[in-house]
Amino acid sequence: MNTLIFRTVAPFLTALMLLFSVFVLLRGHNEPGGGFIGGLIAASGLAIFGIARGVAAVRRALFFHPLSIAGCGLFLSTAAGLLSILVGVPFMTGLWIYPKLLGLEVPLSSVMLFDLGVYLVVLGAITSIALALEEKEMG
Amino acid sequence: MEPLLAILVGLFFAAAIYLMLSRYSIRIMLGIAILGNAVNLLIFTGGRLTRAVPPIIPAGLDALPAGTANPLPQALILTAIVISFSFLAFLLVLTYRAYQDLGTDDTSEMRAAEPDDRPLPPLGY
Amino acid sequence: MIAFLFNLLLAIAWVTVTGSASLHNLVFGFLLAALALAVIREPFGGGGYLRRTRLVLSLMGLFLKELSLSAWKVTLTVLSPDMKLKPGIFAFPLTVTSDFEITLLANLITLTPGTLSVDVSTDRRTLYVHALDCSDPEAARRGIANGFERKIMEAFR
Amino acid sequence: MAAPTATVDLAAALVTAPVPLGHWPAILPVAHCITLGAVLLMVRAYPRLQAWLAISGLAGLALMDAALLAKVAAEGPLTMVMGRWLPPFGIAFTVDLFGALMAFTAALAGLAGGIYALADIGESGRRYGFFPLLMLLMAGVTGAFLTGDVFNLYVWFEVLLISSFGLIILGSERQQIDGALKYAVLNLIATTLFLVGVGILYAIFGTLNMADIAGKARDIGGTAPLMSLASLFLLAFAMKAAAFPVNFWLPAAYHTPRITVSALFAGLLTKVGIYALVRVMVMLLPAERAELSLLIALAAAATILVGALGALAENDVRRMFGHVVISGIGNMLAGVALGNAGGIGGAVFYALHSMVLMTALYLAAGEIARRGGGFCLSDLGGLYRQSGGFAALSLVLFLAACGLPPFSGFWPKVMLVKASLDSGAWWLAAAILAGGFLTTVAFGRLFLLAYWRPAPMTLAPSRPSWRTVLPIAALTVLTIGFGILPERLLALSQAAAAGLADPQAYLHSVFPEGGQR
Amino acid sequence: MMAYLLAAVTALLLIAGSLFALAAAIGLVRLPDLYTRMHSASKAGTVGSGLLLFAAGLYSQDPAVVARALAGFVFFLLTAPVSAHLLARAAHRSGHDLGAISVRDDMRNR
Amino acid sequence: MITPAAIVAVASSAALVILGLALLLTVWRVVAGPTLPDRILALDMLTGIAIGFIAVIAVKTGFFLYIDIAISLGLVGFLATVAFARFVLSRGNIKSPPSASAAKGGAKRRRAGRTEG
Amino acid sequence: MADVTALTFLALCLPLAGALAAPLVIRILGANGAWLLAAAPLFAFLHFLRLLPQIARGQTITGGYAWVPSYNLSFSWFLDGLSLAFALLITGIGTLIVLYAGAYLRGHGDQGRFFSFIFLFMGAMLGIVVSDSFLMFFIFWELTSITSFLLIGFDHEREAARRAALQALVVTGGGGLCLLAGLLVLWNMSGVTQMSQLIGAGDLLRESPLYLAALILVLGGAFTKSAQFPFHFWLPNAMEAPTPVSAYLHSATMVKAGVYLLMRLNPVMGETPAWEILLPFFGGLTLVVGTALAIRQTDLKLKLAYTTVSSLGLLVMLIGFGSDHAVEAAALYLVAHSLFKGALFMVAGIIDHETGTRDITRLGGLGRAMPLTWLIALAAAFSMAGLPPFFGFLAKEEIYAALAGGDIRAITFTAITVFGNALMFAVAFAVALKPFHGRPAQTPKIAHEAPILLWLGPAVLAVLGLLSAVFATFTHAALSSPIAAAIRGDPVEIAISLAPHLGLPLALSLLTALLGIGVYWQLDRARFWMAVFLRAAGRGPDHGFDLAMSGLVRFAGRLIRFVQPGRLEIYVACTFLCLAAILIIPPILYGELPHLPAWPADVRLHEWAVFLIAAFGLAAVLVAHDRLTAIVSLGIQGFAVAVIFLLFGAPDLSFTQFMVETLSVVILALVMTRLRLSPDDRRPPGRRLFHGALALVCGLGFSLLLLRATQAPFNDALTAFFNAYSKTIAHGANVVNVIIVDFRGTDTLGEIAVVAVTGLAILALIRIRAGSERKLAANDPDAVGAGE
């Protein structure tokens, strides 16, 4: 949809949506949200970008093929589960560390890694679908 | 509350099934979309209903106070929603491909895999 | 420069949205925003905005006022028993030229009373506007040119 | 957020005892498959690397499953609760003999399919994800066999289902699209019914852990709609397994994809349905199974006969084999219907035999087409003259499929007929034998027409490729091995059946303290 | 007293917002053609839901919620005109003419 | 004694009812059309009202976390409208002969199917 | 004496070793490899021969190894007079056949393969007669069916051979399944799994209510294998096999398996009315039909084949009689038949081999060119005709002695036997005289005397036929009496010898000979009248087989096209019909209907509104006449569900539902863009009504089930657990999310696997174009759609 207005607005919207998606991802553990919804929002943002500026622009922007991103996410999630073998606890046991970063305690956990994986999978897969459909549309 | 929801669930199932009984792939897809909702509502109701108290532990408390909604069915449904969404997406694209390649949305005309004129195997030896 | 500013804006947006105004959160938000922007880096070629912040704010003020009015007017229109409408699409010759300015103008027009941007011509010289009251297109054109368009040019040039 | 400060009784929430490394085999096969699937997804652009990763990964999976089987056979059921949460709160992977046997056999079939794919799946198929799909299919199959949680079972079902969707359309021929649509819609209905069953089950039991359910089902009976629930599960799994009268999706679709895919489907998918049926009906709801046994037996008999007749009626070799798969499902259902040790043991043995055999049969069908130029009986011929070795392999597979000795199909058939006669279901025994007879006729005709009959035109001498011959030959050797030296497998099947009929060991593995709420 | 004031303002915002939304809906039903209906939806509708969001933010007395409510509102402001533009443009391009009541269409002769 | 909470409760209930009415009217437009863009517009509007609905529920229940749902709904609602606009555009000109647009995709045209969506 | 068990096992394995070695040996040594290969059965024969004295003393030999202990099955054997005699015949004649085949198939490209099959068959046959365990017996039984399939179809390029092979497989394989059932019933009845243990269980079996069922099943196996009417037809067709196969299968082995089984079971199942009616009836019938058909044939092998049928009938008849004499007669005839029929088949093969034809009407005067063969043929024919001084004579005398009696049954069967024997007499000389004397006829090949490998086998058999009669006392002691004892279940002394004895049997023999000469005299006329008669009687079961096969395929085709019509709508309707039944019937049948719930009192107004909107959305989807209305209505019900989630405390669900519902609608719209389709309901009204009713029933069923399930008391232990530990241990305030990523994270792992695969699958679906694989194979660079 080659309209000047949409082309101009889309990047801002996409950036906002990506930002919001990370926000939703990170707070999911305590409030509604999480990796899946975050991923959906991010993918929606990229879809808007793609509709406005073409699939090629999104592909350039992502650098990796969306499915590789999904694969990476799946890998991270499984890895988050497998980490526990190092500690001698069962698969998928939540592991938490609290490193001090610039004087502030930052909670990091395998659970977050897992949710990040979910986010990436959803982002990658849905973007891949959207781009494939969109590309077809043009062709 | 559950009886009312049970009736609604029945309606959802009935609508989904009626749509899926159609010959036309688009109506089948619509039916599948509704079917997913029907099942989710069923699981939701099956976990018993509580009004408007989300299972989110308020700041300052260590555990949920009594009277909050049952979180487990919600978690199950979340998984189910995602899965049924994935399947719906796949099926939609499949329908599109089927229409493109087979030239029809009428499933009773989609006979590439099982044509009417399938021959019998040779009867001799 | 634009990238940096927009980045900072996004970081501030992050801080407000997350509701934690610590330095860490700002830095984190800045990083995230940078990431988000990196994804859509193409549109940010050059130019600068910082010095026009005041003008932007004034534009925003005008806009909010117009928006409130607009909603009210529409409400009145639809609730009036006989909607005396003379709708139509008129062409508005654009003075602003950059993508950003045209977009901003078009959106502001949409959000103001009785007008709605439908399209920009391919040569980017004309904006087609739908108006609920199209009995006097010239007046409408003048209103836009002296209102939003002028303010935009002030703020962004 | 800060580290938790509140004092919590950890022992009431977590498995506090250290988990030995020896428990990891319960989850590793699945984690391995998913990890590898993820990696393959990332290296989709490098087909050669993909192939080698996938094959070595599948071999690794087979080794892991073998180790798991050995462990379970030696020490009894093995449980690992994900996330250390006490059962039934966390998801437990509980591996008993039944699950371990199925998983191991599935891995073998998957490995064979993977090797065959090297020759069968072309460039575009690989680029669009054959190997990642295969790995995730294996993840779904293995997960389904190993999990001890009903909802988790549903999830693995879906993983394998969507992977199968992906596999079935690789190639995108018209036939494939048509077959895939039917396959997808009908299978989706089946999994949805399964999900409904899980929802109702949760509404009734308030738990999802199989051991927990197995323990509670015996108390709850009579106060809850367990018969309706059991019937629902029966329908859902019967559809998955392709039992008559809900078997239509299988012949509608199995002949359309690439032959490797058909082989994997035939070997794995319906067996997962049977697995779930056995797990749920025999272990979780035994009283309800007994009530429904007549219905199941009728369905079994009909499935056997319709499948066998279908095999006779098809001109396309792949469709014929599809009906043979169905007929086999009928045999397994018969075992479930009987429900006694012989019946369940026979069903288990049959399932294992069928996984190996059906994979091999479809791979052989691919080889038939490669050598004979097509799948249609009316055009085939001369295969015997062309290669005696391949004809011999095929013949062994055919005979095994007919249930003739001394190949693997014989033993489960004997067990099932014996079990039928023991419980007085002579008509079921008759159906099993009649099915075997009709299958024999069908395969006899196939051998006559495609192998013995002179070729309609001179066949080009085919270049044998180790990628196609090795998997078929290896599976054939297994078939012969199971036939001639059945003791180990038979003993394991019977032990698995005993474990299902009396799940005390299973329960104990999940609840070592015996504590259940 | 503050509580009453807050409650009153919230109540006012709630009622006003929902009324705006209702007005937009009425407009959607009453206005004669697509393009006029768009005015109703893109203005009254946006303001209506914006007011309701703001009411929620206000009543929560939590700056974070207020900020989010505002962010949401801004987002609608960004998207509403774009979607109106896209829809109007698409409709016009695909041959949906202005209603009979219209007096002028400069786009027709492009 | 009228408490502040009661005031808000009454107002929010009233708002819910008003919004419910608005929803019904909008739904009517969705179903009545008459043209495709009309329906799309109505659906867009429906999203907007739903956002307001969620905000009111947030007030009513005191769970302000619902606001995030409203925001995301705004985001994807926009996406839906964009997609529908594309749909309208790609359908081609409704006034030109239908065969020109329907031939796309190489698929056989439905005998009885209606092109108007 | 070396370890008998190990040696016996070795002897049993020798044929298998031969099968494996044969292709290699033949490839290296050519046809002369037969000498080497013959060593395998010869050694086995010698081993069994060594056991003869022990068995003759009335002992039995058992042995074996554990095989499938968990099924109480061992690889075990049981040798008594009967099994040993069979083992000797199988290995002995087998040795001769191997030599014979070496010459007969000299230069044949597949000779090695042929030997493999023959050895496999030999091993299977040996297995049948020595097996102690039922299951092992059955396994070998089926193996003979399979290997005979391969042997009969050896000339597979000829349709007739393929047909005959399939026929044999179908008939004997089908019978085998009957037998399996019968054996399992026997196992069930007696509780034993070994033949040797069964012998003591005779009374138990005969009194069991399952006796008749078991008998019929076993007879189903035995009659098909031993070609009893009406299953006789496969046997003559099996003459499509090369002559060595015919000679082997139809003299001492394959077709005798059924007879062996009946003999084996006689002590435990015999002497009951059913046994004594069924066996003689079918045996007698088979005797008559077989001889009659034999007369009609002009093909040497077919003539012999039909007499095999009648001989088998005779044996079955005798076993059915079960008297001492009958059993003795059966034992004698068993041996005699094996010897003469093997010899005659080989002679027929020699004639065929040397002249190129087997048609009796085209042969004559061969005696001059092939005197030795003629001599052999005459010797065998004498035995077959029951003339002294051959073993056949003893057998026939004993048969008549057995049948002699006063009652009508005896007279009838005597008449039948005399008739049958007379015809066999005629056939014997038709085979042994017609081709050899008279004017030499033109044959495709010029006849010469056969090479040694060809005549050696028949010569040995013919000589044995003579010697065994001459030294009858020794033969009886070593062979016949132990056989009879095994059949009878008691020790038996057979006394008959060539020594002159007057009496009714001799008179009957004379009558038989006279009749036989008469028939031989009028052979051409008899053949003509027989043909006329058979034509009048209609086509036999052989033609019926063709009809059955094609009918079966046609029926199956019709059935499968009915149950597998290829229309998705029918599949779906069938599925939902099953669903409706499952949802409605069990609750009614098992009293699981819910009790009537109290009407919920506290439903609020806006809740009603949401329910209504949901229902409205559903209705709108159903009646939508165009795609967008349908899609948008779909969105309405989806939104309503999301709001329901919101109203009942599930913000995460609501969140996700909103997102997913919107995205579904988006994808629907994107896809619809390219599908110019109408979602209109284009069903005829009747179908609509049916579908509507079906859908409503299913919906009602789900409602009832859900209602009933929620009326049971709820166990919320899981929820309590999650609520208690979500924050304290898992560090998350949003319990739902903690469940998703921690408590039940494995579910989510599977879920994202689904999502990832969906991405991949859809990409494949969109990108791969039909035929791209094919194009790629042809190195077409444009094959895969847009590159990545």
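Order of writing sets the labels: A, B, C, D, E, F and G. Residues in every chain begin at 1.
What we mean here is this: a residue touches a chain if its C-beta (ideal position, glycine included) is under 8 Å from a C-beta of that chain, and two chains touch if they have at least 3 such contacts.
Small disclaimer: the values here were computed from a predicted structure and weren't measured.
Centrality by C-alpha centroid: the chain sitting nearest the overall protein C-alpha mean is D. Counting C-beta pairs in contact, the pair that comes out ahead of the other among A-F and F-G is F-G.
Averaged Cα coordinates give chain A a centre that lies 29 Å from the centre of chain C. Remark: chain B and chain F have CA centroids separated by 22 Å (rounded to whole angstrom). Taking each chain's centre as the average of its CA atoms, chain B and chain C sit 42 Å apart. Separating the CA-averaged centres of chain E and chain F is a span of 12 Å.
Contacts with at least two other chains are made by residues 20, 25, 28, 42, 45-46, 48, 52-54, 56, 62, 72, 76, 78-79, 82-83, 86-87, 89-90, 93-95, 97, 99-101, 105, 107, 110-111, 113-114, 118, 120-121, 125 of chain B. Across the assembly, chain C contributes residues 13, 17-18, 106-107, 117, 119 that each touch 2 or more other chains.
Residues of chain D found to touch two or more other chains are 1, 6, 34, 37-38, 41, 45, 82-83, 93, 129, 132, 151, 155, 158, 162, 165, 169, 172, 174, 181-182, 185, 189, 196, 200, 203, 251-252, 312-314, 445, 448, 453. Each chain pair that touches appears in this list: A-B, A-C, A-D, A-E, A-F, A-G, B-D, B-F, B-G, C-E, D-G, E-F, F-G.
Looking at the complex, you find that chain A touches chain D at residues 30, 65, 67-68, 70-75, 78-79, 81-82, 85, 88-94, 96, 98, 105, 107. Note for the complex: chain D touches chain B at residues 6, 151, 155, 158, 161-162, 165, 169, 172, 174-182, 184-185, 188-189, 192, 195-196, 198-200, 202-203, 251-253, 255-256, 312-316, 320, 376-378, 445, 448-449, 453.
In the complex of the two chains, the chain G residues touching chain F come out as 605-606, 609, 613, 616-617, 620, 625-629, 632-633, 635-636, 639, 643, 646-647, 651, 654-655, 658-659, 662-663, 665-666, 669-670, 672-674, 676-678, 680, 682. Put simply, chain C touches chain A in their complex at residues 6, 10, 13-14, 17-18, 22-24, 32-33, 35-37, 39-43, 99-100, 102-103, 106-107, 117, 119-120, 124.
Across the complex, chain F is touched by residues 1, 6, 13, 17, 20, 24, 31-33, 37, 40-41, 44-45, 47-48, 51, 137 of chain A.
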